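The structure follows.
Letters A, B and C mark the chains in the order given here, with residues in each chain numbered from 1 onward.
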Amino acid sequence: MRFRFQRKYLAIPYLVFFLLFIIVPVFLIIYYAFTDRATGLPSISNLVNFFSDRTNVDVLVISLVFAMATTLICLLIGYPIAYILADKKYNKNAVIVTLFIMPMWINFIIRTGATRDLLTWIGLGGGTHPVFATLVGLVYNYLPFTILPLYSTMLKMDRSLIDASYDLGANPFQTFTKVIIPLTKPGIISACTMVFMPTISSYVISDLLSEYNIVLFGSYIDLYFNQSNWNFGSFMALIMLLLVGLSVLLTRKFDKSEDVRTSLW
Amino acid sequence: MVKKVLAKSYVYIILFLMYLPVFLLIVFSFTDSDSVGIWNGFTFKLYGDLFQNKELMQAVLNTLLVAFVSAIISTIIGTLGAIGAYYSRKRARKFLEGITQLPIVNAEIVMALSLAVLFVALSIPFTFFILVVGHVVLTVAFVYLSVKPRLVQMDPNIYEAALDLGATPRNALYRVVIPEILPGIISGFMLSLTLSLDDFVITQYLKEPSFETISTYIQKILAKHPVPPEVRALTTFIFLIAVIVVIVNNLTAKKKQKSFKMQEGSK
Amino acid sequence: MENQDYIIELKNVRKKFDDATDYVVEEFNLKIKKGEFVTFLGPSGCGKTTTLRMIAGFDTPTEGQILLKGVDISSLPPYKRPINTVFQKYALFPTMNVYENIAFGLKMKKVPVTVTKNGKEVTKMVHLSKDVIQKKVKKALEIVDMEDFESRNIQTLSGGQQQRVAIARAIVNEPEILLLDEPLGALDLKMRKEMQLELKAMHKKLGITFIYVTHDQEEALTMSDTIVVMSDGFIQQVGKPKEIYDEPANAFVADFIGESNIYTGTIFPDHKVKILNKLFEMVDTFPLHQKVDVVIRPEDVIIKEQDQGTVNGKIVSKIFKGIHYQYVIMVGKNEVTAQSTESWPVDSTVSISVLPNNIHVMKRNIEVNIYDGYITKNNKVCFADFDWECDVTTLAKNSHINEEGYLQTEDGAEYDLSDCEVKVYVDLDKVIMDDKVDECDVKGQIIQLVYKGDHYQYLVRNESDDFIVDSEWTWNEGDIVGIRINPENIKLKLKGDLKQYAV
């Protein structure tokens, strides 16, 4: 039979590309994670090694703590900003929103380097204040990713619901906790995912800003791979992958919004 | 009123803090010192040095080359993928949507090292081509996501209308569907470009040792030194380009709105 | 050749979508003459748009043939058919202006041209020249009265203007058949009336065949030469507007076209039919005692002083409709809708009569639900994808179920009824619809409903079967309902002989 063109065939290059370069590599990681480095045979030695060494688990826990702290700080700073920007009473100018995104167009490494140099200059550098410097670097980098999803949810929010809440006798605090927070929940969740996962895996920011005093999980994976210990590195990458999967599952129920990075353009 | 002032000053303070590091680099690009914080008098010397620094210039060129090549490939594959998925059966479409989420939610380092493992395992040498593949992995899903909403918004009957009027499927796609989703394709391309220009992790893992982009070149120096003086001058240029892009973007958006309103008014 | 008279013919066309189990269009047979204005009329989901799409070539029939001038075009792609469509929401290309939209089809077209090349005559396929295209577009714009809009952006046009562009875009290609899929649905009432007349005039002027899809019966009656009434995938009736209105083929058509009173009646001797508890004279001939559907148009109900007509009733409502009053008269438990130019006071008792030739009597579609079922191991009956409680002892006189679960008759014979095939009968009024859907094991969706004076008749469908339900309660089309049948109302009849199930 003659091949008949159908529009769905247009997706074939996309599908093949994904299979070759995204799905197969993930399976390769799983394969290496459960293969012993010395013997090359299937084994759970990496798993045993990982959990038997206290340092490994500590790095994971520290990373999670840092990620949580970063997420929380970003939310605390970003939520009011998004609220103000989305409220016509305070802000009639959409350009200000663009101003919050614009730093992202400056090269990430340059931005991080500049932050480090600034902190060093004013005496708060990673050599003396590693935790503070790392947090500043992380928050600085991820704040726009917090503001954008919150802003877009708040724009869509029906403001008359707030009036209704006041009308029905709720005070500003009650209105905030009972009406505004639930209404902006999709934005909050999307903001959390945009910050939490990348923070655990990010290693450049913590390496540069803490001047290698703080090792996050991402740097740890990087370290093992640079030592060519693929199997152990793969196992840690797999843990990372599981964490990602878990967070996707957790947020899937709530979050239907598009990835904020697409709103850059 | 007080509330308004408070709210506004909060926004501006945060905004100021966000721009502070970059502004410092720009301010100190007009003096000849080893790091920010030391002012050695006003001079344009660093701008001269910038163009003299062959390694950095090469890195800028490499960055642009990788970004444009990978953005073009991403845009083609991603757009076709989105169109194909849109016209696929529900199950196939769900599958494509599902795998599209993978590179978006996945940690960049996991993608980078899994690709590195793949190419080493297949003993494929790390060349420019491999680096481009890595960047396409990073960006192609975003093209898909930029194009998809345009397809969904599109009146599904216009493709059929084109067939009805005698266009072959290929013609209908080319003359009717593609123009209709063009804004999505363009924003996908721009997004892909931006992500690629900014990328460090994938580049670090997949580049040939001698090949440097802006990110990898500067990162190497940053390990032991502050931001190099010439890079301060480079930042000024990057910032200017960003400002121009934002202004142009805003103006065209406004113009579109205006011309639309005018035509509306003439009814 | 006989086929020459007909421009398009649909032969036993059936359509089922890939994943669906039900056919959307069933046994569709229709011949359309050249130059005719044919309307497919029916409620949403009746298959009219699918049929249109099959004619256009967007969908292919699962079975059957579509013949264009006698040639099967069932699998010809849309771009090779001399048929053009005006889409429901216009489907104008937003990236092109008015001119480019209309010129699109012409630019796609290639025509044979004979040229002399090296002294030889060669036929070449060439695109139309710019001049020709421009002339044709201009003419099309004239036809739809949009001369000065050539360079206008589509988004800046009003709904009515877009509509006109869509029509121009289709007719500029001089199709043999023009398909119109509810083209006026998005317009407001006044605009719609105006466009109806214009379309009709255009049809006359262009002389091409129009196939028009609508759910608006008034639109269909106004515009068409022939109306095809569809419901639930089937053609219910094909005829001229007047035929369809005056002689509806069944209760559905009567209910759908115009307003009507529909009753269930019984045939009595001497051309009489009993409705509203009285005998009315009729002209049709039907077998004695048969249950029938009787349709009476409101304007055919004659209101008289009390006791002067066939049956008395009380006026319960009166609405002024401009040229006449519309009354609802209660005759016993039945409602009668009547129209009259005379004014009668509400609450007064009047008498009504109907002329014999205004009593439309039609065969009743279905008098009882019949299913093919089988008895399950625990003496339930399975049909419509569910095991229903029932009384299997009705299958044999004076029988009972013994301890082993077998059917035991008076003479002590035992029968194992499991898997025995039965016919299941359920009266229409014995199927109970329940709004506590979650508590019911069987659910269905209301596909169709007809008001019959004192009750509604519903067609309820679940995945495997249909239920016809008579109920006094009001539901809406599309409602999901639970279905219950009390065991005593399930009547069973063995398909085979009981003896073969003896233990």
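Quick note on the criterion: contacts are C-beta pairs under 8 Å (C-beta built on N, C-alpha and C of every residue); 3 or more make two chains touch, one makes a residue touch a chain.
Everything quoted here is computed from the prediction, not taken from an experiment.
Undergrad: Give the chains in contact with both chain B and chain C, ordered by label.
TA: Both chain B and chain C are touched by no common chain, going by the contact rule given at the top.
Undergrad: Among the chain pairs here, which one is joined by the most contacts?
TA: Pair with the most C-beta pairs in contact: A-B.
Undergrad: On a C-alpha centroid basis, what's the spacing between chain A and chain C, in Å?
TA: 55
Undergrad: For chain A and chain B, what's the span in angstrom between their mean Cα positions?
TA: From the centre of chain A to the centre of chain B is 18 Å.
Undergrad: Chain B: which residues touch two or more other chains?
TA: 89, 169
Undergrad: Along chain C, where are the residues that touch chain B in the complex?
TA: 18, 56-58, 77-79, 83-85, 87-89, 91-96, 104-105, 108-109, 152-153, 155-156, 158, 169-170, 173
Undergrad: Which stretch or stretches of chain A touch chain B in the complex?
TA: Its residues touching chain B are 5-15, 17-18, 21-26, 28-29, 32, 77, 80-81, 84-85, 89-91, 95-96, 98-100, 102-118, 120-121, 140, 143-144, 193, 197-198, 200-201, 203-204, 208, 218, 221-222, 225, 230, 233-234, 237, 240-241, 244, 247-248, 258-259, 261-262, 264-265.
Undergrad: Report the residues of chain B in contact with chain C in the complex, numbered from low to high.
TA: Contact set of chain B toward chain C: 89, 155, 157-158, 160-169, 171-172, 175-176, 179-180, 182, 260, 263-264, 266-267.
Undergrad: Would you pull the chain B residues touching chain A in the complex into a rising list?
TA: Residue list for chain B touching chain A: 4, 7-8, 10-11, 14-15, 18-22, 24-25, 35-37, 76-78, 80-85, 87-89, 92, 96, 99-111, 113-118, 121, 133, 136-137, 140, 142, 144-146, 149, 169-170, 173, 187-188, 190-191, 194-195, 197-201, 214-215, 218-219, 222, 226-227, 231, 234-235, 238-239, 242-243, 245-246, 250.
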